[in-house]
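Presented sequentially are two complexes of subunit A, the first with subunit B as partner and the second with subunit C.
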Partner chain A sequence: MNRSLALLLGLAAIVVIAVLPVWIGPFYTRVAQLFFFSAALAIAWNILGGFSGYWSFGHTVFIGMGAFAAAHFVTQIGPIGSGPFSMVLPILFAGLLCGLFALVIAYPILRLRGIYFAIAMLGVGQVIGELVNNIRWFQGGVGVFLAAPAPGGMPPEDFFYYIFAALLVACLIISVVVRNSRFGYALLAVREDEDTAMMLGVATERYKILAFVLSATLVGILGAVYGYSVGYFTTYTVFRLDFSLNMIVFCLIGGIGTLFGPVIGTAVMLFLTQVLLSRFLDIHLLITGALVVAIILLVPGGILGALKQKFAGRAAVRKSVEA
Partner chain B sequence: MLFLQTTLNGLVLGGIYSLAAVGFSLVFGVLGIVNLTHGIFVVAGAYAAMVLYAKLGMDPLLAMLPIGALLFAVGYAYQRTVIQWAISRASLVASLVVTFGVAMIGRNLLQLVFGPDTHTITPSYSFSSLTFGPLQIDVVRLVALGASLVLLVLLALILLKTHFGRAIRATAQQPLAAQLSGLNVRNLHGLTFGLGAALAGTSGAIIGIVQPFSAASEVAWTLNAFIVVVLGGIGSPAGALVGGLLLGLINAYTAQYIGPSLTQAAMFLVLVVMLMVRPNGLLGNAFGESR
Partner chain C sequence: MNEIILSGRGVVKHFAGLTATDNVDFDIPAGSIYGLIGPNGAGKSTLFNLITGYYDLTGGEIRFKGTSLAGIPTYRRNQMGIARAFQISKPFPALTVRENIRVGAIFGRPEKVDHEKVVDEALAITGIADIADRTAEGLTVGTLRKLEIARAIATRPSLLLADEPCAGLNPTETQEMVNCLRNVRGKGITVWLVEHDMKAVTSICDRILVIDAGRKIAEGTPAEVVSNPNVITAYLGAPIEEPAA
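And then the complex of A and B:
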């Protein structure tokens, strides 16, 4: 019953997503595209930060690295394949590079915990960003082009809408699979009590590195596609502190460490900032900050955490009444 | 000679970094909170000094007193309400997020009031400089360094010699034991936080006359404070001084010998390496013995 219901809901969602751009017009297609992109980023962040409790404050490094990797792959090697398929290899290369980079820095940097890990990642993001900006070969200062090969007749915003929708679904599936596997439980054990988990024989080091690499690869792929979707970018288009922070804030508002919390948090925040309050650009920061503070003070578990608590409380009451 | 001049510049800059970071360090050491609002306190101090100078003609160095008092009150109230609530309802890590949220609000408010542009304070002595043989130093920077050192020494004396300082140190080492000995730990936490905010605000007044500032530069000041603490050590004026001077030197040498656009990268590189090698800083955690 439950499974077929989920399947039905999934199918309905796919149909709605497929026909939506026709209904809502170019502007809201762009907003929806931003939503898919941001939610996918939040999910990728959540695999490391939510499941294993290692909060990275510098995940934008992988967006930037992915975008620049794809651009330089195209200029150095040239587009391989034709039409939209010429994007495949550069994007895969970007994901691979980000994964490799994560693998290299994982061992030393994952020895740090809590706030120290968070700040060290922030540092990694800043250092790589500055290097890309200042070493001439990368052309971060002047910017690079990455033309989007949308199929003929299709508006680019529709094209990237579908690509980001597909990526969001892929990230969601990966996240669900990870969460329900031995790997996922190991990450949760690391979050709850790393030393005890290690003592009980969980290979914490290996699982942590794996989560870090997986998260980095996904963000790298998303970064490369983002690079394609903007077409031209400099260092500060893609190495952006607010990307890093948004991933955290969206997860926090939806519910950190939950499966669908990142998606819900992204939806709520983007609806508030892009749709409801889009005319008050100069107080965006204030609203975001106030929401973050309110969430922490009122519902520390995020929206999903609050709902869960409410239903659990109701169930408990019912049980006590029955007894 | 260029090397000596660079070193001098670095040390002077480092003195200011030290003062800007010592409040952050104290709060981190005593309360265990990474206060991401710290940069806001610094920038707010600079703006306050600017307003006092423009409206009342008050010298920024004199303005340090009212600014310190004001930010002390703000810091105390802030800790006793928002931060205390966050810690009791969620966790110590939650305080990180809450202070981050408040920093966003603060930055937006400052931008709304003063606009997004960069400002400077220019008192009468801001363009004169002294020469020692071949070396040259701006008077403002010398004054800033002197004020920083005086304040750091004062803080060290307070922590070491007074009853208040002993109470703070006791609270930091063992909150429970301190409470059992009759200290009001909650109140002391608030006072320590207030002291940290006051020091940040006064450093802001000094920074205002030495460097341009804007609401957006609060991020840089929070990060600088963090780097200083990681370099020097947590919780002590001496640690802040060592870390600040080191950061100043790194900054000056990088700008001189590698390239001025790479100072940020160099600072963070040192930070990341330092975190991996010795996360408690060169002088260690001043209150760490019993934790």
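And then the complex of A and C:
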């Protein structure tokens, strides 16, 4: 795809996203908002799990930390700025705190590989969730409020629809930049074979830590915005295991380690669960589970992986015919 | 005499009660192809792991271009100019051959170079330019061995540690690998070669170091080494004494 076509498509997408809430009504605006939020989370997870191969089963810890950090920033320091701009500093603080927390735990936890790292992160999520729930100062058990100051007259679902759309675009741009940089190559080398990567001059520890901190910061920011979007939340609203699992499943379905796989996987799964299966509430989880198993069995490389394989096969046939 | 690019003095490595490397000394002259041979379990790969920093020394010292390697992490040793081709090929299977080599070109010795030019040169030296755009998954053993060498030399090393590059190759592929290593030396890269194929070793090595049970038992030219009684004993065992009549 040439650059001008990509630019044109990008602009068209922005226009469509901008006018969509007018046509689709509040329910589908919320579904779209959930899509932007979930896709952005999956992209952020993919930077660590997809590019470097370090699958985290506990990324929800950064959603929870981000949400509670923003809430306590507001209650302790008070809102700085007015209207929607009062969200900026708490959200940045949440991202910073999650990044710092990731930096602190990175060195010991990233020495674990494969399933050990995944389980250790699951443990981190559980421990922090329990601490926030049981230490009174955090108010995780009773819940905290985070006011959503939408600009005058705008419905909250529309406001957060635009905020999450902007965050999705930002996460996508960051992911593209990372993937096509020296940093991205280092992460791919780590994913493929960490010992060999070291022998090729890749400072594996440094790049893994960077990926972990970046991924945690993005998820922390998304968690803070999520906190604003729900307005009131307890530990169990934000330290949710299904958030972590969704990030992984969406990436797997779309194509783990690819740039657009997380977005495609999120779109497919949310369309299935929120739109198609919303009429079968009593059996929708059963069907969703069966579909996930079927997709993973039939297209283990995800949707993008299968498409890539198909086009590569066609290109090879064309090449042999031309020869 | 050429300068010494890599030297070891009293190199020792213990794994709990096992002594894998026992007080080994070595001096590798720059620009040479040096052999390292010994029976299975002699400690050859352990010695390479000590040089590349995968293992820490229990005792002794290793110096590269006069600088002690103590405390220097593996990736920095590579950036200093030490590259390694592994005994068991470790390609990045999801990446193409070109991308595999590009990783070495990007992260190797830190200097301003055209990475694509480096990749093309490594492909040419190893003779795998025709499969540059294929993914590494599913390549034949012979091609994987060449990819190992190509990726290692793309880091622009002064010293290449080649760990059994001819293992599992047929005679034609072995000859191609020998030519490939000669090309590598032709680019000014010193090669230290671990190999069991004695025909290959004796045909390209200037000198050979022999270890057995972690100890250095011989060192010299290929002709000196193959006729050394200690080496023959290490490989074939001691002759059986005829009982006195």
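Here is the rule we use: the second predicted complex is superposed on the first by the 321 of 323 C-alpha atoms of A that agree within 3 Å, B and C clash if a C-alpha of one lies under 4 Å from a C-alpha of the other, contacts with A are read in each partner's own complex, and residues count from 1 in each chain.
As a convention for this text, a contact is a pair of C-beta atoms (placed from the backbone, for glycine too) under 8 Å apart; a residue touches a chain by one contact, two chains touch by 3 or more.
Computed from a predicted model, the values in this text were never measured in an experiment.
Using the contact criterion defined above for the overlaid structures, shared-chain residue A:I119 touches subunit B, although it does not reach subunit C.
Set against each other, subunit B and subunit C differ in how many residues of subunit A they touch, and the higher count belongs to B. Of the two partner chains placed by superposition, only subunit B is touched by A:I283; subunit C is not.
Of the two partner chains, subunit B is the only one touched by A:V292; subunit C is not.
Legend: residue contacts after superposition of the two complexes on their common chain; A:A170 is shown touching neither subunit B nor subunit C.
Shared-chain residue A:D193: touches subunit C; no touch with subunit B.
When the shared chain is aligned, no partner comes close enough to touch A:L272: not subunit B, not subunit C. Across the interface of their complex, subunit C is touched by residues 182, 185-186, 188-189, 192-193, 195-204, 257 of subunit A.
Partner subunit A is touched in their complex by these residues of subunit C: 52, 54, 73-76, 78-79, 83-84, 86, 90-95, 102-104, 106-109, 151-152, 155. In the complex of the two chains, the subunit B residues touching subunit A come out as 34, 82, 85-86, 89-91, 93-94, 96-98, 100-109, 111-112, 219, 223, 226, 230, 259, 261-262, 264-265, 268-269, 271-272, 275-276, 279.
Within the complex, the subunit A residues that touch subunit B are 55, 108-109, 111-112, 114-116, 118-120, 122-124, 126-127, 130-131, 133-134, 241, 245, 248, 252, 282-286, 288-293, 296-297, 300.
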